[in-house]
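One chain, chain A, appears in both complexes that follow, with chain B as partner in the first and chain C in the second.
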Partner chain A sequence: MKPGTRLKSAACDTEVMVIKCGSGTIECGGVPMGEAKPAEAAVLSSDFSGGTLMGKRYVDASGAFELLCVKPGKGSLAVDGTALVTKDAKPLPASD
Partner chain B sequence: MNISLLLEMAAEAAGDRVGLVCDGKRWTYAELLAAARGAFELIEQSRAQYVALLDESSEASVIALFGAALAGVPYCPLNYRLADEDLAALLDRIAPALVIGDEDRVARIAGDQGHTVLTRADFAMKAQELVPGDEDRAYDPGEGIAVQLFTSGTTAAPKAAILRHSNLLGYILGTVEFASAEEESAALVVVPPYHIAGISALMSSIYANRRIVMLPAFTPEAWLALVESEKVTNAFVVPTMLGRIIDAMDRGTQADVSSLRALAYGGGKMPIEVITKALQRFPHAGFTNAYGLTETSSTIALLGPEDHRAALASDDPKVRARLTSLGQAIPTVEIEIRDEDGRVLPTGEAGEIFVRGDQVSGEYKEKSALVEGGWFPTRDAGFIDEDGYIFLSGRADDVIVRGGENMSPGEIEDVLLTHPAIADACACAVPSVEWGEAVGVALVTRDGHETPSEQELKELVRARLRSSRVPERVAFVGELPYNEMGKLLRREVKKLLAD
Partner chain C sequence: MLTDSASGLPLADWAGHRLAKLADIAASPAIAALNGASLLGERATLNHFRVPGLQSAGGGCRLLPARGDWIALNLARSDDRELLPALLGSAAFDPQDDVAIARAVTQQDATTLLQRGREMGMAIAMLGEQPASPARTVLSHGLAAPPSAKAPRVLDLSALWAGPLAGHLFWLAGAEVTKVESARRPDSLRTGDPVLFALLNQGKANVALDLATAAGRAGLLRLIEQADIVIEAARPRALRQLGIDTDTLVRARPGLVWLTITGHGASGPAADWVGFGDDCSVAGGLSAELARVTGQPGFVGDALADPLTGIEAALAGWQAWRAGAGCRIGLAMSSVVAQAWQAEARNDPARWEAGLRAWAAVEGAPFPTVSRRTATAPVAALGGDTARLLPC
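Let's look at the complex of A and B:
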C-alpha cells in the first residue's frame, strides 16, 4: 500500500492516512480497513474498542507501519491482530 | 501525502475556529480550506505550471500555498524586493505561472512570458467564489514538489531549491502535535512569504490550530501594536527586526507585551547585546534560537528557553557562550561536522555542517546536493561542543585560507567586537601576493566614540588570537551591507575591501 493512501474503518468512523506500510493487514475495531466503506458496517470487536484520536500517529513495534489518524472513531488500530501504539511528535519550543 | 492534509485536518477538527487574522479580517479554518479548494479550480483553469506570489504576506499566501498543493503545482513565492532584471529572470524560469500580486510590474517586466496574473484581492475573491460542489475532485496525491524557493544568492546566482510534500510533512508531523495549541494562543508571522520560515510558520501554526496573526509589512511600532491588540503568544523575528523592536521600546513606544510567551529568532547572527536587552524587555517570554535552511524545510537545531536562562545566569564562560550557539540538533534530524575530505570530525573541531532527516530535501531543480547516505552539506561552517551545542563560524565559502591555514571570519569579528568603539565588524579574505589570501576587515565605529587606530585593533587581535589572524587591511565604513533578512552580504564587503 502506498504512503498517502486513506483507509476507512469498516466498524467505526476512524479514517487513517498511511505514512509507512510494511506487509500485513491493517485493521480497526478488529476488522480489516479498506479504501471504501462497506455497505454494511462490521461489528466492533470489544478487544479493539479503545478508540482512535485525531492527529495521533500509530506505529507497530518494528516501525514498519505508521498511520496518521485523520478522523477519530471508536475502534482501535492493529496490524494482523497486534495493537498499534501512539507515537508522539517531539514538539519544539515553538520555533516558527 | 499532500501538505493540504494539514489544513484539511484543522478544518475537520476545528472548522469554526479562527485560523488567520490579516488586515483586520478573520478567517476560520473552514473558510481557508474552501478558498484553497477554490484556488485549485483557478489554477487548473489557468494551466499554470507554477503558482507564484509576488506580494507581501496576506491571506493569499495561505490560500495559494494550499491551493497549489491540491493542484499538484509547485508554489513559488518570489522576493518582490529584487531588481526588475533579476525578478524577470526568475519569472522566466517558472513560466507559465499563475502570478498573484503586482499585476503592473509583471506586465512591465515579464509581459511576454505567458503568465496569468491576478491581484491579491482578485485572487482571494475568485478563490472564495469558486468553491467546488460536493462532487469529488481529483486532488493531487502529493508525491511531487510542494514548494520551490529561489535561494537568496548571497554567494552566487539564485538556485531553485525544491521541497517535496514528504519533506514538509516530515518536518511538521515530526515536530508539531496536532491541535496542541490552546484556544487563545496566537502566532505573529512577519517573515516575508518567500522565506522558508514564513512558510513553515503557516503550516506549523495551522496544524497546531494556533491562530496566525499576519503582519504584511514590518515596522517595530506595528509589531508591538499587534502583540498588544491580538494578545499574541508566539512570534518569530529575524535579528534585525528584534533590534528595531528594542530600539522602538527604548525610544518610548508603549505596548503591553505580557501575553508573549515564546519569542523565536533566526535567519542571521544575533548580536549578543540585542538578545541580552531582549531578555530584559520581554521577561515573560521564553526565547528560542532556531537554525535552519531553505533546503532543510526550516529548523534543524534549537537553542531553547531553558538554555537561554541557564547561559545568562551562569558564571561559566563555556555555558555563557551557548547564548551565541545554534543550540542542539532537533530529535528528528542528525547533524555532524566533516572536514574537506568528507571525514567526520570529533567534538570541538571545526568543519562543514552536514545534516540528514526526512525534512531535508537538499535538492535543487537542476540537481540534488545530497551526498552518500542522504547527507546534505549545508556549506555552513561550525563545530559541536561536548554537550551537543552547535556553534556557527560562517559560511564554508567564507573561510579565509591564508598560506594554507583556514580561519573563520567569526572568531576575528568576535574579538574586534569586544572593543568598546566597534559597533559592527566583518572579516573576509583579501587577495595577498604573499599568502594567497589574507584577512581584511570592514568596521563600523560606535556612535559617540572615536575611531580607534589600526595599530590598536591589530594588537587586540594579535593578543587574543594568532598573529596570522591579524588583519592586513582595515577599512571603516558607515554601515555594513545586510539583506532584508539580516544576512550580512559578505561578497559586497569583499568587493569593497579588494578595491
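Let's look at the complex of A and C:
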C-alpha cells in the first residue's frame, strides 16, 4: 500500500494515514480497514475497543507498520489480529 | 548599542515599541533596557547564522516551489523525514536527500501538500496563505480578582523559544517564575542551544514532572493552583489528552491569566496544526511580502514568529494580570507575524520596503550583529526545585 493512503474504519469513526506498510491486513475495531467506508457499519469487537487518539502514531513490534491517526474513534488498531501500540511523542527540535 | 532601526533587522522597531509598552505598564527598568533587535537577533548572533534566502537561518526550514505556490517545509525534528513518503505519496525517493525532496515537491499541488502536511502534524506553510486565527484573542473568561500589588507568580509550561521568552520577560519584570519540564521529554533547547536556553530560563525555578503518571498530573495541578499567570505552548489537544481542561482551571481561580501560545490558533482545525518560528513567519505572510517587494521569496529574520510572539504574550499577560481580569488568552504565532509586519508597512510603507530590499541584498552575509546579552542569574538543573516546590 502506498504511503499517504488514507484508511477508514469499518466499525467506528477512526481514520488513519499510512506512513509505513508491510504485508498484512490493517484492522480497526477487529475488522479490516478500507479506503472507502462500507455502507453498513461492522460490529466493533470488544477486544479492539480501546479507542484511537488524534495525531498519535501507531506501530507494530517489527517496525514494518506505522499509521497516523487523523480522525479518532472507538476502535483500536491492529495488523492481522495483533494490536498496534502508540509510538512515543516526537522529540522536539533541538532548536526551531 | 545599536538602535533597532540601525540593526538592519526587519521588525526590530516593532519589537522595540512593544517592549517599551511592556516596560511602561510593568514599570520595569530591566525591560526598558532591552532592545528589540537584540531579542530578535540574539539566537542568530550567538550561533553565527547568516542572512537566509530560501533556507532558514537555522537551517531546518526550506522554501520549495510546488505547483501553484511555494511551500515552507520545516524538518527540524529528528523524525520528520520519516513522514515524507506519506506526505509526497511515494516511497521512491530518499527522504534524507534534500534535492530529491525538492524534486518531488515540484510535482505536487501546493494546497494539497499544505492540507496533507498539516493533517499529518508537520510544520508546513504556504507562501500565499492567510493566517487562520487572530493574533491575540480571549479564548475564555474567568473571574475577576482585585489587582495585586505584589509581583505575579508565573508558571511556565512551555519549551523552545516563544513561551520561555515570555516567561523570561516576566522574570525580568520582577515575577517569580517556575519552569515545568516533562521528565520524559525535557525542553530540547536545554541541550540543543544551551547558551540561548540559559538566557531565556535563567532565574526560573525548575520542576520536572512525568505527566504520564497520575502523581505527575496532580503535581502540575498543584502548581497551577499557586500561579497568577500560566504560559503554555502545546497544541490544545495535548492537555486535553492528559485530562486537563484549561477553561475549567481558568474559571476555578479568580484572576488567573492563562496564556496559550500556538502556531496557528487554539480553535477549529488550526488548533491541531504544528508551527515553529520559520514556517509560522511564512504562514504570517512575511515571505510573500518580501517576494512582493523584491521579486524573490525568502526567509526574513531568524524564526521571527518566536521572539515576536514571546514579546506579545508577555505584554498581553501582564496587561490582563494588572487589570485583575482572569482569562485565557490565545496567541497565534503566524498571526502575530502578520500583525507586526502589516503595522510596519502601514506606518511607513517606503521605509518598510527599503528595509526588506536591504535585507534581501545581503543574503548569505553574516547575520546583522545585535547587542549580545549574557545570563546573569543561575540556570536551574532539570527538576532542581521539584522537591522544594512539590513536597510530598
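We take it that the second predicted complex is superposed on the first by the 93 of 96 C-alpha atoms of A that agree within 3 Å, B and C clash if a C-alpha of one lies under 4 Å from a C-alpha of the other, contacts with A are read in each partner's own complex, and residues count from 1 in each chain.
The criterion applied here is as follows: a contact is a pair of C-beta atoms (placed from the backbone, for glycine too) under 8 Å apart; a residue touches a chain by one contact, two chains touch by 3 or more.
Note that the structure is a prediction, hence the values are computed from the model and not measured.
When both complexes are superposed on chain A, chain B and chain C end up clashing with one another. In the superposed model, A:39 lies in contact with neither chain B nor chain C. Touch criterion met: A:70 reaches chain B and chain C at once. By the touch criterion defined above, A:19 lies against chain B and chain C together after alignment on the C-alpha atoms of chain A. Clashing C-alpha atoms between chain C and chain B appear in just one of the listed stretches 147-155, 255-263 or 345-353, and that stretch is 255-263. Chain A uses residues 3-4, 17, 19, 54-55, 68, 70, 89-96 to touch chain B in one structure and chain C in the other. Within the complex, the chain B residues that touch chain A are 1-2, 5, 8-9, 12-13, 141-143, 166, 173-180, 187, 197, 200-201, 204, 207, 234, 236, 262, 264, 266, 286, 288, 290, 298-299, 302, 304-305, 330-332.
In the complex of the two chains, the chain C residues touching chain A come out as 43, 58, 60, 74, 76-80, 82-83, 85-91, 116, 119-121, 123, 159-161, 185, 187-189, 191-193, 196, 235, 237, 241, 272, 276-278, 303, 306. Residues 2-4, 17-20, 53-55, 66, 68, 70, 89-96 of chain A are the ones touching chain C in the complex. Listed in rising order, the residues of chain A touching chain B in the complex are 3-4, 17, 19, 54-57, 68, 70-71, 88-96.
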